[in-house]
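Okay, so chain A shows up in both of these, paired with chain B first and chain C after.
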Partner chain A sequence: MLQLVLPLLLSAALAVDTPVRYAEDRAPAIVNPLFATSMSEARLHELVFEGLFSDDHDLRSAPQLAESLELAEDKLTATVRLRQGVRWHDGESFDADDVIFSVRAMSDAATASTEAGRTAWISEVTALDPHTVQLTFVAPEHSPQDKLHFKILPEHRLGELPIKRTHPFRNRPVGTGPWMVQAFNEDSSISLSRFADHWRPASLSELSMREVSDKNYQSKLLLYKSLDLLVRVLPRDLAPLQNDRNIELYPYQTNSWWYVGFNLSDVRLKDARVREALALLVDIPELLRPIGTGELVTGPFVVSSPYYDHGVPKRETDPDRAGALLREAGYSFDGKRWLDASGSPLRVRLASQADLETSQDVVVNLQSQLQNQGIVVEPEFLRRAEWKQRVWRERDFDLILSQWSFDRNEDVYEQFHSSGGRNFVGYASAEVDQLLDEARNTTDPQVKKQQLRRVHSVIAADIPMMFLWTLDNYAAVSSKVGSVEIHPFYFFTWATDWTLR
Partner chain B sequence: MTTRHATQLGQAALRICGRWLTTVVGVAALLLLLVEMAPGDAIDLLPDGETLRAELERRWHLGRPLPERLLLWLLSALGGDLGTSWTIRPGAPVSEVLRGPALASLLRLLAALMTSAGVALALAWRSAGHASWLRRPVHVLSLAPVFLLAHLAVAGLNASAWSLMEAGWIDRPAWFALPTEPSVLRSFLAVVLLALGSTALSGLVTDLEDAIARLRHAPFVLAARGRGEPVDPMILRNLVPVAAALLADRLAFFVGGLVILEKVLLLGGAGSLLWRASLERDVALVLAIGVGTGLVVATGRLASDALRAYADPRLTTAPTR
Partner chain C sequence: MKPYLPCCLLAWMACTPVAPTPPSAPPSVEGAPAAAPVAASPDLREFGWISEATRSPTTFTALLADDRDGWIALHANDYERAADRFETPTSRARAEWMLALLHHDLARLTGYAVETFFSEWDARSGLPDESAATMIATLGSFCSESGALSGWASRCSPEAPGFAMAQEIARGRAPWDHVGVDVYGKRMALHRAARTSGALDGLLAAAVQPLVVEPVGDFERTFFDPCLHRTLADHWTNRTAMSLGGEGWRAMAGFSDLGLAGSLFAPWLHASDLDSELRAADIPGVIGARAPSLRRLGVGTNPHAGDDPVSAREEVASLDRGLADWRASLSEGASDEGLAVLEDLRLIERYRQEYLTTRARYALLAERPRQALAYLEAARDPSDPTVGAANSPVLWALLAEAQLHAGRARAALDALHVLSGTHPEVLGLREVVGSLAVLRGLDRTGDSREE
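And now, the complex of A and B:
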């Protein structure tokens, strides 16, 4: 009764003109492209900042703050003519100094930008005039515009190098993008308004980023029309959202894949036979089924990637072969469990990130599959700090369930090069090291494709990981928003074209 | 006042100050220990943490022993410097980050205490010393933990409002859908649920019923009644210090409930900030909020003692044996 009466008593006027509200699990900690680390930050940067080039609807590089690019014959320099009449959100004019500053800030060792890798290929940048810059490259570049997507920052706002994370810019960001940050609100939401002086003004006048940490509640809020957009819908919410006439679902692909990584410094898992046996005991399609749909992958690229080697066969479940491999590796089966030479059960710890959505379903399923085959699995769900300490720093795990997401460059160097900062599994292959080094310096796209396809096949054969799948993603958008097209990685790249119906 | 009384009062004041100081140091030590025991550290949560590790470990004294870190923080806090936020708003002074949220939480806390006391007094006054049909429903409702009540309230209000909107009976209320829409209703719910849930109300009602029943049969009340004087004002006056002491005893409990409610109802305040700071390992903020809360609780108890002493002259003027 109370529940029925209270809303009546408390009801107030209907809000007439609300912004388009989208949800993030976690609000961006800071808004500064120099220190971007999370996808929520990358998505917000896409609204507020711009690069010299950006993806067009066919995912080809198209000029954004640049007007044109002229590549020298030796491919060691390029002249970039900048778009004129572009203004920063504070009214200042955008010019060549901002481009020079952005490249220097990202490359500056003392600034320690997380984006340093995006400019490492540029050895020098100079202004030919206020609207033209010349870029000199470390090595010949066939298609430099594909690497000029990093965000340009306002020199007049950030000042001297080095830039610190604590710079006030972090919550008073100024970009050239189609929306500008209006306010960081007390409830962790961020209000954005259309930048009227943008060179191509957006149609949507207001946007709002709302932090809704409970992913289960996000779809409820969309149904209640308290949100207008969900970046990614949980598989179990697809049906109710699909049945709502006020909501449209938009499928999109991402460059991300899931994996189970083996700790190669563990004496048991160092043995390729044990790794292969474990991989042969897992029914990957069965793991995927409860959490949604997607494509199984056999290596470190998504199936649609030019670097994906389609010649690598999918590994089918084969308990007999797995048993033979384990016996060969010195294990015996007592009818219930696999035992090592000392008679102890083969026991592995499986760590996963507590905030990786649906990972609990996968972990429990994987545990059940391996335990049914006689391998004891101890699951661990680690929060962010513990994950970084245990997995990144101490390498204290047996198996890890996680996923990697990549931008259009799909650079897996950090994950698989023996000196890679994110090579937690401790993978080391002289051939892969050499191929990855070469691929980074290769300017011919065809050669790079061959090199990385080879990387795929070598890694697949070495089994430092069980490669699982790339998930199908669906965004849910209120039907009041029209002309929606979604960028597979940055999501909002084409939001300027979105309209309010 | 005799010298003996002055000495006794001085000793009492010293005891209170000692208790106060022990609370502050104890809270700081406990919080530091708890944050330290959790795996990983604040640097792990920074995007460029590893490149800055050496510098940040030096700046945040992470390599030093815990007692030394505690001492350094306490000395700095005594000097009025609470340090800067580590991860929530890196580099911003803690005092600046905390000012607004602390005030908001304090107001909520006071409102909840007043509501709880007011409602409990009204109920207890009615039911003290005899059977009342109200006692059972109040106890049942109050038994529910605040987080459960908050979830039920949010889900119930949202679901029922949505049904009414779909049926075309009402327009969309400004507060819909809780708790994501900023509205006064969220604060109102926080105050009401804090005053009611986790046995806050039922416990207070029971204790006040006992106190009222005792006072109604106290010799001075019976004597006054015999003289034909109105006794209710006398009982109420004597009930004030009792109620204050009961509330002071429950203060820490209310503070704990507020942390949960601010989190569930997405309210900006010291409670939700403490929650976030704990997850983000912002030790400077955690210590400041924890110790600040300890001070509020200790001060509340001090105020209750002072009120009791003021309202009951026997406590300060009675000769000691």
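And now, the complex of A and C:
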């Protein structure tokens, strides 16, 4: 396959004025920041949309669509002056109404934005004039600019609330960012061109996002100059890239961990003994081996996190203990399979995202491990829309294999608070809820560390997920792209400074 | 770079007959211009320990014969083991020197982290009442090696434990001169023992326990000893000097009298480079950063204007081009044994990392953290995310420091986590950097996505 395709790709690579081409494992399902769920979407949004504030190179909040912020003495309101002369990609002017609309859209219950949590601290937003807004807060805010990074959307393109995921905006997005979407192509790639009227025009004139689900193939395309940038290289693929003088590797810090989640609304998986038994039957280092080096985690934080509880022991594979737990839970072993009280085999569906070669390897390995221990596993490889529908909305799964990426705040509230919008495993613990609520409000960093370490230990004991591993993050970039600095989470935040050598 | 495969070489090291030959005399490099043109075919004799080990493997083998375990440990960047295994004092000094550098780096990092953490916490919401925070900040400022005592001491409560020590610190006296029975007095007694008799065990055992624990509701606030690495740095600097028969860090000039033993695996290529750099340096950690001999490879060593990572990356690219040419030339003239030494011990990669980490330290001291990061990212071997032959403890320590200075406290924790695998005593440093990362996130809403 590669031998046939590469010459074609190579000839394409020789064309003059090719855009900077980057690869994503999966193309964004839609381009609308109100409904962003994946890293590929977040990265694309960073190119197309802007917030009032954004991270500067020292990771401090710097004005983007804002010009300045003045915080009231009581810290309950702030006046934000907006940058003037900013235009949307369709030529319309950006103004205060867009800010008001964005906050309301994200907060709108009927819209059910995935970003709702990012505006919940704002109780009111009003326009003082076309280029000034006043924000009123639910509680005193010490540094509101640190929370004003969510993307601002064009009121004139999105119209009335509520907004639906199917709104045509998803295929015709309009932002104020340094690049604008030119085309969604049939091969799932997305073409972007520089927005000439941007208040700080980018150097790179064209960008192209290409969907390449096979990580190994991504590396080969980069080596053959048919791609210019890989946002994430697996450890096993680093060596050949490291040896190529035309490629530069950039380590960057994103807090990501892989997991197998249990659907806690499933009557079988609601039983902690069954979950523990399944966890004890899995050899996690063996699952990791095909991917390369990584570090096993015991809870919802990466090992270097200040919130990681190093006192939580790693769970070793223990089929005997697993068997005892399953018997205790009412299952019996017929010599080949575990059977429930009615004599039916213990059978679980394991959902993962389709077209992700790495996940498929893990799923097949996991299936094999559990089946060898008498558990029937039915893999389901779900396409993007199906995944969002069944996992995010309907919660129609038994087990899911996926990975979460967190910014440097490592806020697991949405995943583990009983009211969390991303808690699709259905985890509910009064103690964890209380700890997460308290951790959001504490002003003592030492206490917050302790609170979240306890969250780690409680969750690890409750086993709503099998926590698997974290991997080192490296981006690989063609040396033709210069002045590269990579934001540790959103990746493209500083791409306006990138150049072609 | 290929994976680290030392086994065949180590076997060879053990079996090859020893036939000592005198080391080649390094030429003078004085007066070399900063931007000399690229030398297409550098003279192999000009490039110090790599050339020497490659071209005269018997010299190399003879050196290893006496202190084989020490050199193997030093090559593996296991400084403590090397310091323990070297039998020849002057060779042992090489490992002691690396330990001194490591702890100087960690002391500087601790000082910066402690000062930044308490200052930012104070600015945001004020430090908690009746807390040891100001006392720890006082200790941290003294031990930071910055030479500047901030105003923390004057804010310590007269009723608080350690107040007498804080007053002494305010008068410029070292905290380890303080004698007392409170927690500070007990910990400072361990520092004194380490400093006067070289007894590190007690200090290292205590290092993984908090110095102060304060209950806060159902939780605890913990503060670790911010002077640990300062004492360890001073200890290893003194040990280096003793092993070389000198005094203070300038005793390292003695390395230039040791031939290959004084430069093998070092950031300086040979004795004349070391001498040249010692004349110019006023602090120890930058020896190797100027690298006069490198200029023959077309690598300019003048500092760049501003904290521009692009120019640092260009310098690395220039270095890599030069080293590639150098490797080709060396390989052409080398025997099979010489090639085995060069490739199996990854001598060029080792020198490259030593040089780039020293350049990074130089950039950090010049307040150019982004350049330092560029050097360190280039120096780091991604094939092995641990401390070992591929990536030294110093690299991880400097990476943490550069990340912290670049505003990336959370990323600094990644490097410190790696370092803690071999140096558990960095726990206290991890905790304060972790607290700083948490503090900086208190006013943010976190973001998370599916990958």
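We adopt the following convention: the second predicted complex is superposed on the first by the 284 of 501 C-alpha atoms of A that agree within 3 Å, B and C clash if a C-alpha of one lies under 4 Å from a C-alpha of the other, contacts with A are read in each partner's own complex, and residues count from 1 in each chain.
We take it that contacts are C-beta pairs under 8 Å (C-beta built on N, C-alpha and C of every residue); 3 or more make two chains touch, one makes a residue touch a chain.
Predicted model, so just to flag it, every value in this text is computed and none were measured.
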Chain B versus chain C as contact partner of A:T37, first or second or both or neither: both
Touching A:G482 in the superposition: chain B (first), chain C (second), both, neither? second
With both complexes overlaid on chain A, does A:E414 touch chain B (first), chain C (second), both or neither? second
Should A:D129 be classified as contacting the first partner (chain B), the second (chain C), both, or neither? neither
After lining up the shared chain so the two structures overlap, which partner does A:R390 touch, if you call chain B first and chain C second: first, second, both or neither? first
Can A:D334 be said to touch chain B (first), chain C (second), both, or neither? neither
One more residue to check, A:E141. First (chain B), second (chain C), both or neither? second
Which partner chains sit in contact with A:A239 here, chain B, chain C, both or neither? Use first/second/both/neither. second
Who contacts more of chain A, chain B or chain C? C
Shared contact residues on chain A for chain B and chain C? 36-38
Contact residues on chain C for chain A in the complex? 1, 3, 121, 124-125, 128, 216-217, 219-222, 309-310, 313, 317, 320, 370, 377, 380, 382-385, 403, 406-408, 410-411, 413-414, 416-417, 431, 434-451
Spell out the part of chain A that touches chain C in their complex, as residue ranges. 25, 36-39, 41-42, 57-60, 117-118, 121, 141-144, 146-147, 232, 235, 238-239, 242-243, 245, 248-253, 255-256, 293, 303-306, 402-415, 422, 442-451, 472, 474, 479, 482-483, 485, 488-489
Across the complex, what residues on chain B touch chain A? 38-42, 44-52, 87, 89-92, 100, 156-162, 164, 169-177, 180-182, 185, 266, 268, 279, 281
Can you tell me which positions in chain A touch chain B when the two form their complex? 2-4, 6-8, 10-15, 29-30, 35-38, 112-114, 164-166, 170-171, 185-187, 210, 212, 220-221, 224-227, 382-390, 392-393
